[in-house]
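Presented sequentially are two complexes of subunit A, the first with subunit B as partner and the second with subunit C.
Our next item is the complex of A and B:
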């Protein structure tokens, strides 16, 4: 068997691609995933991390609402270590129409979402950070999900089942014979090496970049990039998700996640050329803060860690090239029946919440083409790390009396935390003090999780994601990466990229303590360390 | 409580001003929140070239050893930067090629000293490098807690066992002509780096670590001690909250710890540093100086405060309080007659005074002179 030949090649290392690779691998296919950057770098890692109950869509898009609540319940079972079961509130403020609450609750119930009207007093007690002026509240089964962890766990499971992964690798073209796609040409961004891979089916799971991938294959998928801006606050202000009970609008969702909370989002159409470098504007920052403070007033005085933006891949219906009839639903295109192009499938649209369903649809399509008759099992098989539901139980099993850092590691890695080497105190030394990430956990990630850069490491371990945003841990971790990869010159460049990436998220919110931290970083890196 | 001069801010500028004023016979107090920029002092007075005899004397009287030369110094990541005046344990080389065979010594489990980056940087200069790790039983205690392997903690251990480290290095030494060590020596006793140099039969170079900077913390302790020996009052852990100003003169200030007492003085020095030290504050709309409300110049559009590239010089780092030519702080366009500003709170409003440590020292001395000259004149007119 040719080692460069696979049953299926998946383009795109976001949650859709990683989920599709896992599903294909579980059905016994030989898989290869190719990603131009790192996992979860597109829309996957640039959203709220909201485990939607579906309530947000209940009134306007009942189909999405139903998909959400079903997937919500599935993810609680299969991705326990990526999920925080916080519940959520939909609050009505004095300026909102309280009558909407009835419509909202009825629509939720119709979609199978357990939405319960509660007394505003009870809401204030359940969630002390909520705007005390609220006049109505509905409790729903929202939660939060760590998209990096979820994506990494899917990729890891695919790898454990024999899947292969090429990160930081561009697809430069398709290998085509007549009306059939036979494989892809690729080029590694790290080494420049060019290589061809062959497969019976290629799945385009490139998110917004899937537009260009489809074009490269000679078919058209009408996508429209919509930018959404978000802010991360330095504290977990709220313990439950807080939404506004009104027609969905800008900046009306506040999601707690790990040690932080996230407000968003906005929605602005942007040209394709801007997809790789989306920047958050001061106007967006102002809007997010002022609207966010209506959900939780303390946000107006809470330090902001970072501003960031993602690009949603909105897909226009095939009969409507203008894009007016935009759907946020799942789009799975078999290009053989649609365009007469064999061996090529596009999976797009949808959202983080429905990635598993999208993966199932894409994999079903692949299996039909390959004549494989095996049922999807992703809805019932836990992801690696999620075999236990409580991280405290996990930590207890691994370490008799776990330290807070070990509990943090168990929360991040789930049962996989047992893979951290123990016994040597030097492995317990903390590299990142904000998030309590140890040498051992970083080395475990470097060994098994396809880490090339500091930013990759950040996505897998939360190194540098905490309050100081990588002030010192960046160069400590750079030392470990340099050792693992044996290339110091590359690590120097990597550290500079990390600092630039960090500043990109900081200067749009550069005031108060963020500006203090930024000034400190300038001194430390330029004048003290001489980077 | 009444003083001749009250200095707000206990960093390099505040302490130099305090020492100069105490030496001239004034009764002064320094109000310090605690940490200051000396905690990440790189050991070099970047914008000071050859020091005047007065500066040299003032610093050396505090027991701080300096040396002066034109050249470059080795940075912690293995790069080189031009340098002139440094603490004794920071070397200045005529050029980046300072040895042929270099032994870099680090401690097992210490991640804040970048031996591999140093090695690569030195190899680029044509030096041959090898890295060795010391594994000392005396350091086991630091490993008990996952965040104890940090510069100052190691330096405290080294104060006790540095002679043993010298012995270990002598064993490691082969035909190396240079040994590079982390700056974790002589926290208490500033003579230790010099004695290590004497004990090792090769050139010894100390390279920086992640903050806190051990030479910086030592310098801070030496200056503070000198200031207190001269009779100054160092109010540690306190913060100036507001000032009482009448007819263009500061009458007194209120601090957090002494809330019912006004601290009165003839003159006041503001040396509270820039944004990081909270000398300047900011919100999305404005930038201000919180104690006296001194004027600060900056663009109204926030986008102008930054450059999107991290590598660029950042405009906000140049902002400072407005002063007149004699460094009187200016509020609402009018100088306050007995308030002076010194150190990095000046930003780049007086480029002739230099930047960073150089700015701190020169502006502090200029302020001390202005205060002394003014009080002499007022005594004469009495």
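Our next item is the complex of A and C:
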């Protein structure tokens, strides 16, 4: 059999693509995933990391709400190590209409979301950071989800089931025979090597870039890029998700994620040309801080670590090319029935929360085309790492008395933490001191997780995500990467790129301690290390 | 309020720039690889603990609470406060009987005083030390401070009238050591103060400052003491009195640990309590005089206790001793002696404690002074035990050098 021939090629290494590859691989298909950059570089890695209960959509979009709560419960089972079961609050402030609370709770209950009105006093006790002026509170099963970890776990599972992955590779065109897509032309960004891959079905899971991919295949998908900006605060201010109990608006969700918390988001239509380089504007920063401070007043005086923005792939309904009638629902297009183009499927719309359902729909479609009759099992099979429910249990099973770094590794890797080499003090040395990432954990990621750059490594381990933003860990991790890849010159350039990328996120909020620290980082790298 | 006009975080932990200078100055890290170091244990660890108390690391108990990390920090992070408050908040293990005994300096003093001569002989015996080591894990190589048969409080009460006659008055927070172990230091203070025309009063029933309780996991008891002492100090302040101490750790605890670690508000009394050496120095600056013996010739080496270093007040003790004619004076390199109150008494810490102090002991031996001067009683025990040199509080040295 031709090694470049597959049952299905998935374009896009976001959560939808990774999830689809996993589902396809679980149904016995030979899969290849192609991603132009790294996993989770688009909207997947550029959102709140909110494990929606669906409550936010309950009033206006009951279908999305129902999807969310179902997937929420599924993810708790299959992705335990990616999820923090924090619960969430929907608070009513004096300037909000308390009557909305009733509508909200009824809609939640209709969608199957366990929303419970609680006393404002209890809310203040449960979440001490919440705006004490609140006049109403509803508790919902929100949580937080680490999108990088979730995406990596899906990719890893697909690989463990024989799937192949080509990251940092562009799809430059389609191989087409008549009305059938037969494969793709690709070019590696690292080596420039051009290569063709063949498959019976190609799935377009390119998020907002799926618009162009579809165009390349000769079909139209009406997509509208909507930019959303967010801010990361340097520590966890809140331990529960805090939302405003009102019609969804800007900057009204504060999510605790790992060691930080994130406020967002805004929503601005942008042209397609700007999708690759979205920058956060001063107005957006101001809006996020001032609205965020209404959820948790301490945000107005808490150090901000980064600002970033993502692009939502919004899809207009097929009968409405103007884009006025936009849904956040899942769109799965079989281009054979829609456009007469065989062997091509687009899966888009939806959200991080519903990636698994999207993957299931896309895979069902692929299986129909291939005549494969195997049921989807992704809702019941835990992802690699998620076989245990808690990181305490994981750490206790692997180590007799786990160190802080080992506990942190168990929280990041779940049961896969058992693959970290220990025993040698060199393996236990810390690379990242802010997030407690050891040499052993970095090496485990390099060996199994398709790492070619420091930024790739960051998405898989949290190296450089802490308050120092790479100041101390970047050069150490670069040393390990240089060793693994056997190339110092390449790693030197990579280190430079990494620091630039860190600065890009610091720049929009470049004041106070974050500016001091960035200055210090520059001093260390430029003047001490000569980078 | 303007948004993001300034940022703040508990104990300034987010001001940490990761420069790691605290780690370079940590005396524990030099000798104990099990300790994560101040940066890891403090600001770095705090972010993880805020995520989940599960990330609390029990190795934080190795912290001496010497505060040298805070002195070193260029960003004003209260590193040691972060570590001590984390221990208070997250360490769920109950203090051992030994730690309770070591921490209850007040209680033990009261119990032992009536039988002081017997107790002093007993604690000096090899058999007692062996038993304490085996049963309580108090290291057998430690020497115990002797108890006094008569308390300092009783001595000063009998002289209350005579002290009240002085035109100017101070209140004295004498601490457990002066009251139960070494009243002579209190008597020396009274002598020096009287020479300046100042009478010395007791506070209205002070309690142990509580530092040993803080470091031994008894924060509830320590908070009770703190609240009591703040109230007592308030009375003195209301009466227009300044309060002095002769122990750098007592004064440091009352001024900084009460609000920083225990969360006890002491703002109204904070600026009224001083080391006696600071008050005396300021008096002399303003023109007061002390008359010294003409024939006082001593070679003195001054060891700055860690908490004196943190307060920045070593300079007052140092300059007072330099004023004594005939004194050959050396300031020893700033370094922790390793005892850290009750820390060095614990069997598991003995080796580390002695290793931390080793450079200091070596320097004392090479200087070979007549007296080592030091404002802290536990440093005194450690240096006397480890070097054989006599250690005196600067106040006692002043008293000894005063012309009769």
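Here, the second predicted complex is superposed on the first by the 531 of 531 C-alpha atoms of A that agree within 3 Å, B and C clash if a C-alpha of one lies under 4 Å from a C-alpha of the other, contacts with A are read in each partner's own complex, and residues count from 1 in each chain.
Simple rule for what comes next: a residue touches a chain if its C-beta (ideal position, glycine included) is under 8 Å from a C-beta of that chain, and two chains touch if they have at least 3 such contacts.
Bear in mind the structure is a predicted one, so any value in this text is a computation, not a measurement.
Chemist: Among the partners subunit B and subunit C, which is in contact with a greater number of residues of subunit A?
Modeler: The partner that reaches more residues of subunit A in the superposed model: B.
Chemist: Taking the superposition as given, does A:520 touch the first partner, subunit B, the second, subunit C, both, or neither?
Modeler: both
Chemist: By the touch definition at the top of the document, which applies to A:500: first (subunit B), second (subunit C), both, or neither?
Modeler: So A:500 only meets subunit B here.
Chemist: Which of the two partners, first being subunit B and second being subunit C, lies in contact with A:528: first, second, both, or neither?
Modeler: first
Chemist: For A:467, is the partner it touches subunit B (first), subunit C (second), both, or none of the two (neither)?
Modeler: After superposition on chain A, A:467 lies in contact with subunit C alone.
Chemist: On the A-aligned overlay, A:511 touches which partner chain: subunit B = first, subunit C = second, or both, or neither?
Modeler: both
Chemist: Output check: A:408 vs subunit B and subunit C. Expected answer is one of first, second, both, neither. What do you get?
Modeler: A:408 sits against subunit C, while subunit B stays out of touch.
Chemist: Touching A:259 in the superposition: subunit B (first), subunit C (second), both, neither?
Modeler: Once the two structures are laid over each other on A, A:259 reaches subunit C alone.
Chemist: Is A:220 touching the first partner subunit B, the second partner subunit C, both, or neither of them?
Modeler: Neither partner.
Chemist: Please indicate which partner A:492 is in contact with in the superposed arrangement: first for subunit B, second for subunit C, both, or neither.
Modeler: After superposition on chain A, A:492 lies in contact with subunit B alone.
Chemist: Report, in rising order, the residues of subunit A that make contact with subunit B in one complex and with subunit C in the other.
Modeler: The overlap between the subunit B and subunit C interfaces on subunit A comprises residues 286, 289, 403, 433, 472, 511-512, 516-517, 520.
Chemist: Which stretch or stretches of subunit A touch subunit C in the complex?
Modeler: Residues 234-236, 256, 258-259, 286, 289-290, 293, 300-304, 391-392, 403-404, 407-408, 433-434, 436, 466-468, 471-472, 511-513, 516-517, 520.
Chemist: Can you tell me which positions in subunit B touch subunit A when the two form their complex?
Modeler: Touch residues, subunit B against subunit A: 37, 40, 42, 46, 75-77, 79-81, 108-109, 111-112, 114, 116-117, 119-120, 143-144, 146-147, 149, 208, 210-211, 213, 274-276, 278, 281-284, 302-303, 305-306, 308-311, 314, 316-317, 356.
Chemist: Which residues of subunit A touch subunit B once you look at their complex with the stated criterion?
Modeler: Result: residues 282, 285-286, 289, 403, 405, 425-426, 428-431, 433, 438-439, 472, 475-476, 478-480, 482-483, 488-489, 491-492, 496, 499-500, 502-504, 507, 510-512, 515-520, 522-524, 527-531 of subunit A touch subunit B.
Chemist: If you look only at subunit C, which of its residues touch subunit A in the complex?
Modeler: 1, 3-9, 13-20, 36, 39-40, 44-48, 50-51, 54-55, 57
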